[in-house]
Each structure stands twice: as C-alpha cells, then as structure tokens.
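Chains here go by letter, A, B, C and D, matching the order in which they are written, and residues are numbered from 1 within each.
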Amino acid sequence: MMADMVRVGIAGLGRLGRIHAENIHGRIPSLKLVRVVDTVEEVARSTGERLGVPWSTRFDDLLNEATIEAVVLVTPTPMHAPMIEQATAAGKHVFCEKPIALDVETTQRAIAAARTAGVKLQIGFHRRFDPDWAAAARRIHRGELGAIQLFRTSLRDMCPPSLDYLKSSGGFFVDMMIHDFDTARWMAGEVDELTAFGANLADPAIAEIGDVDHGIVVLRFASGALGIIDDSRAAGYGYECSTEVVGALATARIAHHRRVNVEWLTPGSASTDYVADFLEQFPRAYALELEDFAEAISSERPVAVTGEDGLAALVLAQAASRSLQEQRTVRIHRDESAGGVSDAVQ
Amino acid sequence: MMADMVRVGIAGLGRLGRIHAENIHGRIPSLKLVRVVDTVEEVARSTGERLGVPWSTRFDDLLNEATIEAVVLVTPTPMHAPMIEQATAAGKHVFCEKPIALDVETTQRAIAAARTAGVKLQIGFHRRFDPDWAAAARRIHRGELGAIQLFRTSLRDMCPPSLDYLKSSGGFFVDMMIHDFDTARWMAGEVDELTAFGANLADPAIAEIGDVDHGIVVLRFASGALGIIDDSRAAGYGYECSTEVVGALATARIAHHRRVNVEWLTPGSASTDYVADFLEQFPRAYALELEDFAEAISSERPVAVTGEDGLAALVLAQAASRSLQEQRTVRIHRDESAGGVSDAVQ
Amino acid sequence: MMADMVRVGIAGLGRLGRIHAENIHGRIPSLKLVRVVDTVEEVARSTGERLGVPWSTRFDDLLNEATIEAVVLVTPTPMHAPMIEQATAAGKHVFCEKPIALDVETTQRAIAAARTAGVKLQIGFHRRFDPDWAAAARRIHRGELGAIQLFRTSLRDMCPPSLDYLKSSGGFFVDMMIHDFDTARWMAGEVDELTAFGANLADPAIAEIGDVDHGIVVLRFASGALGIIDDSRAAGYGYECSTEVVGALATARIAHHRRVNVEWLTPGSASTDYVADFLEQFPRAYALELEDFAEAISSERPVAVTGEDGLAALVLAQAASRSLQEQRTVRIHRDESAGGVSDAVQ
Amino acid sequence: MMADMVRVGIAGLGRLGRIHAENIHGRIPSLKLVRVVDTVEEVARSTGERLGVPWSTRFDDLLNEATIEAVVLVTPTPMHAPMIEQATAAGKHVFCEKPIALDVETTQRAIAAARTAGVKLQIGFHRRFDPDWAAAARRIHRGELGAIQLFRTSLRDMCPPSLDYLKSSGGFFVDMMIHDFDTARWMAGEVDELTAFGANLADPAIAEIGDVDHGIVVLRFASGALGIIDDSRAAGYGYECSTEVVGALATARIAHHRRVNVEWLTPGSASTDYVADFLEQFPRAYALELEDFAEAISSERPVAVTGEDGLAALVLAQAASRSLQEQRTVRIHRDESAGGVSDAVQ
C-alpha cells in the first residue's frame, strides 16, 4: 500500500454516498476506504460486504477507529453540523456534502469547530473539480477574460425529486441553486446584491409546500458585473449544467451534455444523446474532489473549497429566498471578521 | 416585368437603408424599386445612380409618384410617425423600421392613421423572418414544446455605437432590447410584468448620457412562464443573437454565429470564425421581411408584424426603462380596446 | 435599369433550370432575364408567364435576339456542346452546366469554339462559389495550410435518381463525382494518378445498366499529396457534401448540413434537421456562380471556372471509370498544349 | 479487500505500461496490482516504490508468484509471444498489447499456447472499450444501421514517433493501422480484399527506413460494403481518431477531440482545444479494457478481444503492407479451421 494513502470512513450510503464509497474504495489511488456507516443496517451491510470493508450503523464507530484520518459525510443535511463537530473533536478531517446546515449560525459553529480542532473541512461543491469548469476557471483567474461583464449559469433537472425530499431540503435556493452561488463566487467574485424570481410550473404540490420549481436570480457582483442564474426542477429534456462568462477580452462557454460522442443520422435528422442527471454529467468531478481532498490532507495545504465557501453560498441562497418572499432586491453584507460573510441585509 | 411586382419607394439611405434598397432593387423578385430618397443629396444621388433609379431629397417625391404602392421608411426614428401619417394619407402601404416612435401616443396615432387609410403597416422586426427563428417559432406555435416554462434570449453587440447615435436612440431598452421584447411576445406570448437591471461596464460616457450598456430583464408571461433577456452593447468577442425556449415537452435552441462553416484546425485548437454584427447575422432576414411585406400587399392578407406589435414592444421597452429607473417590478396593463396594450403601470 | 446589367437568355427549364431562371430574374442584380426556352412548350410557357418574360421552344430565338449577351445552358448533356458552338458563333457568352460533354474530343471542340469566338465560357461547378468552400479555398491558396498532405471529400445523395436519368448520365464518375474532381483540383492541385473502387449496394437495377451506386477514388496529386473521394447515390440519412484538407501547418474542415440552426431537445436527445439534397445545401452557390459570371462579362476578366476546368474534371472522371473497369491505377497525362490535359493513360 | 479482486502483475513500464500500472493500482476496483517488472532496474524500482508494490527486473518473478492470476504485457513486441507462452504455461491469464507478434506463425503459436493452457488471452485494442465507440458498436450490432454500406475511419498522430521506434515497429500498417483493421472488423465485419496506398510527406528519414508516414487503405467487406482507412503519422494539428459507419437505415459518426468542453470566444473567433495524443483521447478506454478483462476472468466468460482478433488484424495489416509493396489489390483468405484467418493471398 502506498505510504501516503489517506484512510477514510464514510457516513451516509444513499445514492451519492455509495458513489463516493465506490470511488474511495477502488477509483482514487490516494484514498483507502476502511469503514462504511449508515443508520439503516441493511444498507450499511450490503455496501460493506460488496466493497469488502467493515460496516456498522453507528457514526461513533468511525470516530473511534484510530486509524481513520478523515470522514466523508453524505448524511441528511440536519446531521451535517453535529457530525462535523463530533468528527473534528475526534481529530478527523471532514469532507461534507453541501449545505453544512440550513442556517447561518449552525454553519458558523461547525466551521469554528473545525478551525479549533485544526483539521480540514471541505465542502462538496463538485463542479469546481469538473475538468471543464476547472479549465475555464483557471484561464479566467489568470485574467484571460479581462474584466468580467456577465456571468450566466443554468442548472436544470429533468424531473423534480420527491416531495418528501423537497420538504426537508431547505428550499429551491438552498438545496439546488447553492451550487450556482458557489460557481458565481468562484468564477466572478463576491456578490453585492441579488434579486430572485420564482414560479411553479411543474407540479402544484411543490407550491403547496411553499417552494418553487423554477427560479431566476439576478446578481450584481462587487466588481459591478451582472449575473444571471436560471434553475429548473423540471426541464423535461434532460439535465442541464452550463455556464458562460463574458469578459471584456474574451468569453468562455462551458457546456457538454452528450452521454457519448456519437452522432446518429437518420433521414432528415442528426441527433446525439443527452445526459439525464448530475451523476451522468459529473462522474469525474465526484472522484476528483475527493482526490483533491486527499492531496490537501497529505500535503498539508488548505482545501480548495472551505467551510467559509459553504457559508458564503448559503448566505446567498438565503438572501435569494428572502428576495423572492419579500419581492425586493437584497443586499449582501460581508463581514470579514466573521469569515467573510454574515447574514444578508438590505 | 411580373404583373404582381409591388412598386416601392424608399426613404432613408443610411447603412440599413442602402441594404433594403439593394435588396428591393435586385434580390427580391416581388418588389420593384422605383425611387430612392434621402435628405442628403449626395447620398440620394449616389444610391440612385448606382441602382439606376430616380432619386431626390424630398419625401414628397415618393408620395406624389402615383405608381408607387408602398414606401419603406429607414429614416431616423423621430421622422417615422409623421412620415407614416403622410404616406398612409397618400394611400401608400408602409414598411417602417422599429420603433415607430419613442412614445406610446405618437405610436398609437401612426397606427390609427394606417387603419383609417386602409393600408398596410409593417414593422421591421426582421428576426421573425430569419429562417432559424421562423422554423423554431413554427414548431413552437404548433405546440411541439408543450407549455412554455422559460424563454431566454441574448442580444449583444461587439462594440457600442457612437454617443451621438445613443443620445437620440430612446435608450438601451427602446433602441436595442425592443427586438427581444418582440421575440418574447412572438414566441412565448404576452408579458404581465417585468423587472429590469442595468450596468455601465463598457464606456463611462454612456453613463454620463443617462444610459446603460448592459441590461437584464426578467419577464413574467401571462401564461406564468418566466423569461430572461440579457443584452450588451459591448460583448467584445462578436455579435450574439441566440434564443432558447424551454417547454414541458421539448426545448428549442437557436444559435449560429459562424460566418462560414469552416473549422480551422491548428496545433491544439479547433476554431471557427464568429459574426461581427447584425448585418452578418441576418442578411436573409432583411430580404425575407420585405418579400413577406410584398406578399401581404399582393394577396391582401394582413402583414406578419403589425403596428400593434410595434406598440406592444415599445410598451415593454418603456416599462423596462421605468423598472430600471424606479428599481421595482413593473406590471403591464393590456387594454384590448387600445389595440391590445396601453401604457405600463404597476 | 442598371447600365451594367447583363442581358441573359436561358435554355432548359428543368428543376435546376427553373432555379437559375428565378435567380436571374429576381435575385441577381447584375443579370436581366430576357427570354426563356425549353423544348416542351408547356414548360417554357409557364415559366415565361410566371416570370413575365418572353418564352419559346426554339434555341434559335435566344440566338437571334440581338440584345442577349449571354446564354445559360441547363439542357441535357448531349445538347451542351452543339449549343455552345451555336451560341458562341452568335457571339454570346455561355454559362454551361457540367459536363460539357461525355467525351474529351467533343469537349475540346466546344472549348475551341468559345476561344475562337472570343467569348466567355463558364462551367457550373457551383461548389466553388459556396461561401464555405470559397472561404476555405481562399485561405488554402494563401498558403495558410502549408504543404497539403491529404484531401478528402464526400458527396452523397439521399436516394438514387431515376434509372432513365442514370442511363444517359455518363455514369457515376462523370455524372456525380465530376464535382469532386473539380474540387480536388481547385483545392489541392493537379492529379497524377487515381484508383477507383465501386460497389452496388442500393439498387440491383443500377448494376444491370452497368453502373455503380457507391464509388471511392484514391488520388495521388502532382505534389505527392494523397486524396480520397467517397460518393454514394444512396446515403439514406440525407445529402452530404463535406470536405477536409489536411496540411502541414493547419487543416480545414467544411461541413454544414443543417437546414436551420435550431437544436431541438427532447427527453434524452438533442437533434437538428439535416439537408435532403443539393438544392437545400447550395442555394447561395447557385446564385453566386451566376453573379460571378456576370461580373466576368462586365469587367472583361476571365471566368472563374473555365471550359478547361470542365475538361480536366472530365478527364479525371473518365480515368476513374477506366480504373474501375480495368481494376488498376490510371495515370493522368497532362498535355499543356492541349489546354492542360489530354486523355488519361497509364 | 473484495473477494473477487483479480491479482495482477505487469511487465513493461514504459509510458503506456505505467498508465496501466497506475490504473490497476488505484483506479480499477476489480484488479489488485501485486508486482511490477521492468528490465531496467531504475524504472521498475521507481514505479514499484511510488505505487507501494514489490518490483523486480525479472519476468520470472511474476510467473513464480503463485497468487498472481493474470499478467499484463506492455513489453516490446518481440517479447510478447515468448512471454505469452511462458505466462500461459504458468497458468496465468494474459492481457497483451497489440500486436502479439509481427508475423502470423508466431502469433498463432501464442494463441495456441493460451488455448492449450486453458487461460484467457486478451489483446489491447482499447478503442473497443471507449464509451463512444462502444455505444456506437452496440447500436450497430443491434441492427439499427441496417445493412452497412460504408465504413470510414481516420487515425492521425500529431508528430511521428522516433526513428528508433519506427525501425522495429513492424511498419505503418502493423504498428498503427492495426487498430483500424480491428475497428473495421468489429464494426463492419470480415474483410475480403484491400488495396493500400502510401506516401512520405512528413519526414524523408521515414522513407529511408522503407516505411511510409501516410497510408490509405480501401477495404471491401465480405458483406459487399466498402471501407476507407486514412492514417497519418504527422497530422500537425493534433490527434485524430474518428469513425463513420453509413448504413441503409442510419449512419453513426464518432468524433470528440476536445480536451475540455469549453468554448473560448475572442474577437471574431470561437475556439476549443484539441487533443494532442492517444493518451488524452482514451484515458477511460485504457481503464475499461482492463476492467473488462478482470470481469471476464471473474465470471469465466470469454474475453471481449481475443487472440484471434489480434491475428485477424495482423493479417489485414500484412496484406496492406503487401498491397502497397506490390501495388495491387490483395484478397484475404479466411481459413475457419485456423482460427478464422490465415495468411493473405490474392
């Protein structure tokens, strides 16, 4: 075994949790999966047995295993913050899916816990590690676009998730658009104000639980640039994740939604397939974000996506929720002493 | 000569006027150019001599020529309405570039004049005749998209026009985005409310004359669908006119910005050229809109883009200007008795 | 009327003939259609009446009309050469569809007739005037590719033409691939030798008349570069005309087969339409070749595609037929005294 | 550790050997790397230490390690056959890079050795496992194309390999085009005859060692369909691997050469990057072929690419060499008793 493999335990073995577990187990050379945990015994057992690693239903089993250096949290959102606090107290590095929590205070407490413990905390904004977005960001950060004028991104699911999921999701902006807020900050800088619009076009039941299924947010960046995010729970044709950044010198467009690069010609038509969901779109990103996490641990450099990044995206998502509710533009107040952001106020 | 060629005079021989004159002269079988007019003698003479048709500096010369059935107005906007009134009074059909006027009342008066005279009045929203947009619209109107959920369009110039032009243009929304308001109505139906955002990122001088160089408008259609328009006076990389309409059953995307369809491969890169302006993008649309105008006259059917369409787009553009100025969402009041629209009020 | 409009008569009003007639009549400012001729009275009359020009069934009527400066020949191939001889004897410039004739001697005689009469003779290799191919050729001729290494082109019809047409067509290489031989010479220079392959895959009846429905020719250019042409009478999915030229410094690829630039997204698929035939692919090329012909006449410069170009392509097509028949590589002997080419010999 | 991980040793740690080693070590869950071997001690040591596995310079060390179930051979071609014979005699399954040998007899002996030993032998035609080609092949094999009419494929390197490499490579067709012969058979069926053309356009030194740097082969399949392969050692602009299969019902085109899916817009131009070599093009294919090999071993099903496939492609490559040399079409004689193919004869 390589001397520098990072020993990892994972908690939460739902769809994405199993993908992370499989990646760690067999597709990421710098990580070694040593234990899997899920509160549902059958889920934990089947995954553990399939991957040939110890399994159990108790998070404590991860914390108590001295050789585990890092934990990956793919549990429901309400468990993220307490688990971060427990894991960091036990000296483990933490990789946590977004969002850390549905409120700012809990998020800040979790970030503080990691800081106090002196361990690393990385948030699962996987898009930053996708080769397409990463390549564009690299050139943007190098200044190849010149001054950014417009940032535009779309995130669309083919069909809405279940109502049960939606009820505890934190809502459209915190659950879904939070990825775009992170991308916006990463590519175009901090946001000064935003205005949100929403609509219920797909399923009336989503309106009944007080949420929207389509949302548009217009951003004004600290630089003066404008931004547009348009997201949908029900685009119908497939999954969409595409981004455009218009600069004074050049413009970058990121889009690729073919499952395979085969063009199929039939009388009068040329067609290609189209990805159906985020798992088809981002298989490499999910592996690469964990590889980068491992490298941050091994090389003792900061993680690429910090808890503060998670907090900043949450603040924007909450501001969007408030903007939609109060039908007004919301200004973001950034308090540098509080890790770069505080709550949104007009 | 074909029996059914429509005899046309044109007034206003600037860049677009000359293109119209040349199309009428030699590229549209159903139109016959019989006289050209421009207030600048040298301009009128050179065009007339080049095309081999009579020329003069007086609009009256068009009106007094009995054989002229229709006039094409490519004059500065303030002259549109009075010229429409004169031409329709003289019994001529009128093709007029957008906008009819910078205010609603004058626009309504011009429309009424054409109605009273019983002649046709068509507005120059050329995009409706571009083969790409027309093909998409046809399928959309046939219902192939199902219920429309999102309309999105971008219009971007490479560089801003001169300040002189901008000063009398009516402003960003009336001069530029009016095309997108027309496309929005045409493809996705009437608009109930809109919210505008603007920024000055390209040239401070544009701010000094009280205008913006970037604008975003979020639309809410009568159907409940959402819309986004993002326009720029200074995209830098080239001219952009692209549209997406997301429906419950299917989505249509319209974009094509290659001057020619040649891919040029050099070490490590595949590139194509990119159109620089609207003239490169829409050569066919400018001819097809006049062909359609001729056909409407010959076959005595209504024109495809009416004065009322021009008015409706103007109302949206003015609502956007007001929304930007007052930083609020503006509701559109549609008064069917007044030709479908009246002024915008919250 | 413009002083420099070239007065044109057209003979042969089949599908392509009518397109030429309509272009000349109303879509090419520098040409004036003054008479149409077809041996079938009904065809001649309906076209003449529709376009409002005199018509008749006798070619002599074109020749005898003193004001006609040029004739456009879209008649069956066997009539091309005699008509060229008559028209040039009458002092008319000639635009003639390919091929001039099915044999070299007749072709040479027609070329000589035009030369003797001192009039212009242009051959209808329309692809040279298509904006895509023309733009690529311009850059290739400027040297931007460096030394050419590989030339590759495909020409495919969706379905075979009628057997009646095929019987008198001159065969696969002379009727169809002749366009590609012209493109090859134009883009990559003279051909030294070629080897042809053929197959009957679409319709056994084509084999019965001694022709093939699929053909591949491998070229060796005088420069040493290689070339591949693959043509099909029955590609099924649509019409294909695409070209690639690989050079030491860069490579150019030309392809565009969308009827309109709309992408249509339905669940799991992104599709665009695909052109069905050459008329959909090359509408502009058919007008531009005649515009260029007019300009050559008006400005007294040589035509862009000469009779000698027609002859050279015929020689290659015949060499391909012989190569296929004799199952061997055929070398091309170019006799500069005979207008650049003579018959093909090994 | 998973019960069904296949324990593997690898011999040959050049560029591709190291990629295989790293994939086996950390990116393929079903394989476990247990030893690496290279005759150059420094190479063996550095790879072994980096991956944390035992290393040595002797192939025997792999054979003698009882727990090793399979060996991966990435050694120079002359060592393939003897190593296959040794490994299979030792009861190991073998994955061997192409070609098995430069001659048919040696190849047949190696295949026979594996058969006698009752172990699996898979050849490294990685393209069969690339998701794009695999998806197209699946639909082709399902019959979605109907009868195949034309198979066309291009393989191009940006720059030629070193002369030293070329001298012992077996020549253009055996070293490079062998991949395309395999793809041709896989997608369009057995080949009845072929005709080869070659040229030296890139580097005169390649001619001096008796090889070509450009090659075209025209194929006639047993089905009657035609095929074209055009390969280049020096395409200049980048790496090309693209395939088209034209059928009576539909056509499939496979191409994708972007390193990342970012379009970069600068004034007047839209560009994307372009892959430089096969490693950039096929990273997933190299991992997937080994995953499939592991699965064949675990599930005791046949491998997807057999030694006989390797032999058949070699026969075609040799036939092409002979065709080029003798300037004639070569017919392939398939002797089913000899594993489907025997040597090529006219």
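Note that contacts are C-beta pairs under 8 Å (C-beta built on N, C-alpha and C of every residue); 3 or more make two chains touch, one makes a residue touch a chain.
The shown structure was predicted, so the numbers you read here are calculated from the model rather than taken from an experiment.
Contact count check for B-D and A-D (C-beta pairs in contact): higher for A-D. Chain centres here are C-alpha means, and the one lying farthest from subunit A is C. Mean C-alpha position of subunit A lies 39 Å from that of subunit D. Put simply, the C-alpha centre of subunit B and that of subunit D have 58 angstrom between them. For subunit B, residues touching at least two other chains, in rising order: 236-237, 249-251, 258, 265-266. Per the touch definition, subunit B reaches subunit C in the complex via residues 1-3, 22, 25-30, 50-52, 131-132, 134-136, 139, 249-256, 258-266. Per the touch definition, subunit B reaches subunit A in the complex via residues 146-147, 149-150, 152, 156, 195, 197, 199-202, 214, 216, 218, 220, 224-226, 228, 230, 232, 234-237, 246-251, 327, 329. Touching subunit B in their complex are the following residues of subunit D: 158, 236-238, 257-258, 265-274, 276.
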